[in-house]
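After this come two complexes, each holding chain A, first together with chain B and then together with chain C.
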Partner chain A sequence: MNWQVHLNKLRWLVLSLVMLMLVLIPFLHLYQSYEAAHAYDLLKPGERLIYDSMEFISGPFISDPENDLDGLKGTTWSGTLFGLALSDPLALLGQISASLSLHWSFLLTALIPILLTLLAGRFFCGWICPATFIYELNDNLGTWLRRAGLPISRRKLDRRIKYVVLLMGVLIGMFTGAVMFAAIYPPAILGREIYYAIAVGGFGSGMVFFILTLLFDLLVARRGFCRSICPGGALYSLLGRFRLLRIQRKVETCNDCTKCNAVCQFDLDPWHDDFGQECNNCSACIAVCPTDALVFEMKYKDQPFQGAGHLGQDYKKQQGDIKPASGED
Partner chain B sequence: MNSYKIMNKNSFIKTILVLLGVSLSLHALAHHVLGRPSYSLGEDSNTPPSMQVETQIGDYYVTYMAFPAFPKANEPGRVNLYASRIDNGQSFTGKVTFSVMDDSWFSSKIETIGSQMSDDSVFRQGFIISEDGNYIIRAEFESGGEPYIIDFPLRIGEPLPIGPLGVSVAIIFLILISVNVIQRRRLQRMKTGRHHAETE
Partner chain C sequence: MRRRGFLHTLAKILSIAGFASLPYGLVRFMQPGQVVAGQKHIPLPGALAKEHDFVAACIGCGLCGEVCPPRCVKFYKHTEGAKANTPYIDPAEKACILCARCMEICPTDALSVIPLREIKMGIAQIDRVACYPWVDRGICGACVSICPLGNDAISYEFGNVYRPIVKQACVGCGLCVEVCPEPSLPIRIVDRSEPTIARHGMGIRRKVYE
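After this line comes the complex of A and B, so read on.
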C-alpha cells in the first residue's frame, strides 16, 4: 500500500486545524485583552467563560498571557504563528502595488510561503486555505443536491480569467493606493470575518461576499471561484508553474478507471497526465486511485500523455491480450 | 481562580504604589504607559480599565484606547488616540476629528462628536451613547497633505449576540457539515458515477 494515499486525510486534518486556529485566535486575543485590562471582575458570565476556557487551553504553554499571546496573531493573510511572522504572497503583491514601494521586512514574512510555492506549487490552495475547507464541503453539497434532482450548473469558465483579476487588482492598487485583493480574496475575507464575528461581534459585508462565492460555486461553476476568479490562485499558479513536487501518473499501474478525474475539484485530467500549473497537490486523486498509479514525484514539469493505463482494457486490446468478443469487429 | 485574582490585584496595587513613589521623585515626561491600563475610580482618570487597539496607517503608528473597557449606554466614556510617526517616533500634533456611526448594514448616518487638539500628544474625546450596540468611532486627521481616516470598534452594552447574518452562516455551516458527514461514503460513489455518466 502506497503511504501517499493517506495524505488526503492529513490534508483534511491540516485544513481543520487552520480553521480551528482562525476560530481560536480571536478568543485568545479576547482573553489577552481581558488580562491586559485586569478586567476579570468586570466581565459578564459569557466573557468569563471565554476567559476561563482560554486560560485553561493556553495555560500549559504560556506563563504571561498578556505578552506571550502576541506570538499567535492574525490570519492566513498575514499573521504571527508561534512567533514567526508569515504573510500571504498576495498580501505582499497588494502592498507593493498599492504603495509602489517594497518593505523588506514585509517581504521576509512572505519568503517562506513563496519558497514553499516554488517547491510545491499551489499547495496553499489545497492544504492551508481556510476557504478551501468550506468550498470542498460546498462542492460535496453540490453533488448531493444534483443527485437530489436540483439543477446544479456545471459550467466551465475560462481559467485565465483569474490572471486578468490578478492584473486588475495590481492596477487598481497602483491607482487607488488600496490593497483591493483583501476585499475579494476568500481566505483573507474568511479570516477577517471570523475574527470580527468573535472579537468584535458580528459579520460584515465580507461574509455576504463569501456566501455569494459559495452560491456561485454551487449554481454556476463547480469550484469556479478558485479555478477561474481567485487572484491568489492565479499568483500561486504562476509561482508554482515550475514546481518541483508534482503528482504524476504511473502508466504501468493505471487501470483507466478515471476516478482521479472524477474527484479532481479543479477539473484537471490526471488520467491524461494533464496536471499543469493549476494542480494544488491536494492528493485527492492519489487517495481515490485503486491501483496506486498516482504518486508525488520530484519533477519540474509534467510528463506528456503516456497513453492508456497498462492495467486498462484499452491497453490490453492494443497489446492483443484481449480478444474481441464474438460478434465484435 | 478567585485567590489568584485577589493576589494578582494586590500585587498590581503594590506595583502602582511603587511606580507612583518613583514617579514623584523623578521628572515625568509622559503620562501614559501604553498597553498597561489599570483600575481607577473615575472615567476622567488616565488609567481606568480600557480596551486598546493598535494599528499602522501611512506614516503613523496609531493607538486607540476606549474608556471604560466595557462602556454602557448613557454613561460617559472617552477615547484616547495617540499617533506617532513610524520613521522618527515624533507625535502628531495637529487636529483630530472624531465621529461615530452605527456599525450596521444600512446605517449611513455619521455624527461628529468633536475635534480635538493634542494634549501632551494625546487626543481625548468624550462621548455618551444612548443605545446599546456596535459602533464605529472614526478618527480623521491630515498630515503631509494626506487624509488619514481610521475606524475603530466601540461596543456599548450587550448587543444581540448573533444577528441574522450570523444565523445564516450558522445554518449554512451546519448543512455543509451534516451533508458531508452523513453522506460521506455515498458522495464518493456519486462523484464517480456522475463523472462516468458525463464522459460517456
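After this line comes the complex of A and C, so read on.
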C-alpha cells in the first residue's frame, strides 16, 4: 500500500486547521484587547465567554497574552504565523502594480510562498486556501444535487480566462492606484470577512461576491472560479509551471479505470498523463486510485503520454496480438 | 412737484427699511462660522502622506485592525470605491493610543515605523466659542489630562488653568476628541496646515462636525 494514499486526508486536516485558525484569530484578538484593557470586570456575559474560552485555549502556550498573541495574526492574504510574517505573492504583485514601487521587506514576506510555489506548484490552492475548503464542500453539494435530479450545469470554461483576469487586475491596479485583487480573490475576501464578522461586526460586500462565486460553481461551471477565473490561481500556475514536485502515472500499475479523471475537480486528465501547470497537487487522484498507479515524483516536466495502463483491457489487447504468437512456439 | 414728493417718500421708506434691517445684517455677519470642518476620518499613524499613495500601497489585509489594542482601526466599505478595505480612524468614536503596533505589523510600506513625535495624523483644533472653559461655562481639562504627549502638545493657557491650547507637537491622535464631553466636539482633528484655533469668519456658514 502506497503511503501517499493518506495525503488527501492530511490535506483535509490542513484545510480544516487553516479554516479553524481564521475563525480563532479574531476571537483571540478580542481576548487580547480585553486583556490589554484590563477590562474583565466590565465585560458583558457574551464577551466574558469569549475571554474565558480563549484564555482556556491559549493559556497553556503563552504567558503574556497582551504581547505573545501578536505572533499569530492575519489571514492567508497576509499575516504572521507564529512570528513569521508571510504574504500572498498575489498581494505583492498587486501592491507593485498599484504603487509602481517595490517594498523590499514586503518582498521578503512573500519570498517563502514564492519559493514553495516554484517547488510545489499550485499547492496553496489545494492545501491551504480557505476558499478551497468551502468550494470543495460546495462541489460535493453540487454532486448530491445532481444525483437528486436537479439540472446542474457542468459547463466547461476556458482555463486561460484567469490569465486575462490576472493581466487585467495588474493593468487596472496600475491605472487606478488601488490593489484590485483584494476585492476579487476569494481567500483574501474570506479571511477579511470572517474577521469583520467576528471582531468588527457584520459582513462586508465581499461576502456577497463570495456567495455569488459559490453559486457560479454550483450552477454554471464545476469549480469554475478556481479553474478559470481566480487571478491567484493564474499566478501560481505560472510560477509552478516547472515545479519539481509532480503527480505522475506509473503505467505499469495503471488499469485504465479513469477514476482519477472523475475525481479531479480541476478537470485535468491524469489518465493520459496530462497534468500541466494547473494541477494543484491536491492528491485526490492518488487517494482514489485503486492500484496505486499515481505517485508524487521529483520531475520538472510531465512525461508524455505513456500509452494504456498495463493492467487495463486495452493494453492486454495490444499485447494480445503478439503474445499468442510467442506462446504457440 | 409730484415727482419730487414721490422721491422723498421713496427715500424715507428705503432709509427706514435699511435701518430696520441693520440689526439683522449685523447679526448675520457677526455670527460665528467655521472655516474648517473637522475630519471625521483620520489616517493611521505612520501612514503615507498622500492618500493616493496610501491606497496604492495598502493591500487591505486588515492586520492593523487585528493588532490594535483599543480596536480603533476601522475599514472603508465598498461604497468608497478604491478606498474599500483600507483602514481609517474615527477619533470621535474611538481614538488611537499611539502604541505603534499597526506600524510594526504592516507588511507593506503603507504604514512605516516612525518615532512617536514625528507621526502626522493631523493636528487638534479648538473652537473657543464652544469649549466649556473658554466660554466660562465650567471647568474641564479632559483633553489636557488624556494627551499622551503631555504639555508639548496641549496645555492650559497662561493664567487660566482650564482653558486648553494646542501646540505644534500635537500629532493628531484624537484622544482629546474621544474624551471631549461637549457634544458638538469643540476640539477636532484637522489637516496640519490648518491653525490650532478655529477661525470664525464673518458671514461664513457654520459647518458642523458630522
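As a working rule, the second predicted complex is superposed on the first by the 320 of 329 C-alpha atoms of A that agree within 3 Å, B and C clash if a C-alpha of one lies under 4 Å from a C-alpha of the other, contacts with A are read in each partner's own complex, and residues count from 1 in each chain.
Definition applied: contacts are C-beta pairs under 8 Å (C-beta built on N, C-alpha and C of every residue); 3 or more make two chains touch, one makes a residue touch a chain.
Since the model is a prediction, treat every value here as computed from it, not as a measurement.
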item	value
Combined model on chain A: chain C and chain B, fit or clash	clash
Which of chain B and chain C A:A37 touches, first, second, both or neither	both
Contacts of A:H103 with chain B and chain C, given as first, second, both or neither	second
Partner chain(s) touched by A:N281 [first = chain B, second = chain C, both, neither]	neither
Chain B versus chain C as contact partner of A:T258, first or second or both or neither	first
Which of chain B and chain C A:A197 touches, first, second, both or neither	first
First (chain B), second (chain C), both or neither touched by A:S228	neither
Which superposed partner A:T143 touches (first chain B, second chain C, both, neither)	first
Which of chain B and chain C A:S237 touches, first, second, both or neither	neither
Partner chain(s) touched by A:S87 [first = chain B, second = chain C, both, neither]	second
Contacts on chain A seen with chain B and repeated with chain C across the two complexes	33, 36-37, 200, 205
Footprint of chain A on chain C - complex, ascending	52-53, 55-63, 65-71, 74-75, 77-78, 81-85, 101, 105, 107-109
Partner chain C, residues of chain A touching it in the complex	25-26, 29, 32-33, 36-37, 66, 70, 73-75, 77-80, 85, 87, 91, 94-95, 98-101, 103, 105-106, 109, 176-179, 182-183, 188, 191-192, 195-196, 199-200, 204-206
List of chain B residues in touch with chain A within their complex	1, 5, 8-9, 12, 35-39, 49-52, 69-70, 103, 105, 134, 153, 155, 158-159, 161, 163, 165-166, 168-169, 172-173, 175-177, 179-180, 183-184, 187-188, 190-192, 194-196, 198-199
Partner chain B, residues of chain A touching it in the complex	33, 36-42, 44, 46, 52, 134, 137-138, 140-141, 143-144, 146-147, 154, 197, 200-203, 205, 207-208, 211, 214, 258-259, 261-263, 288
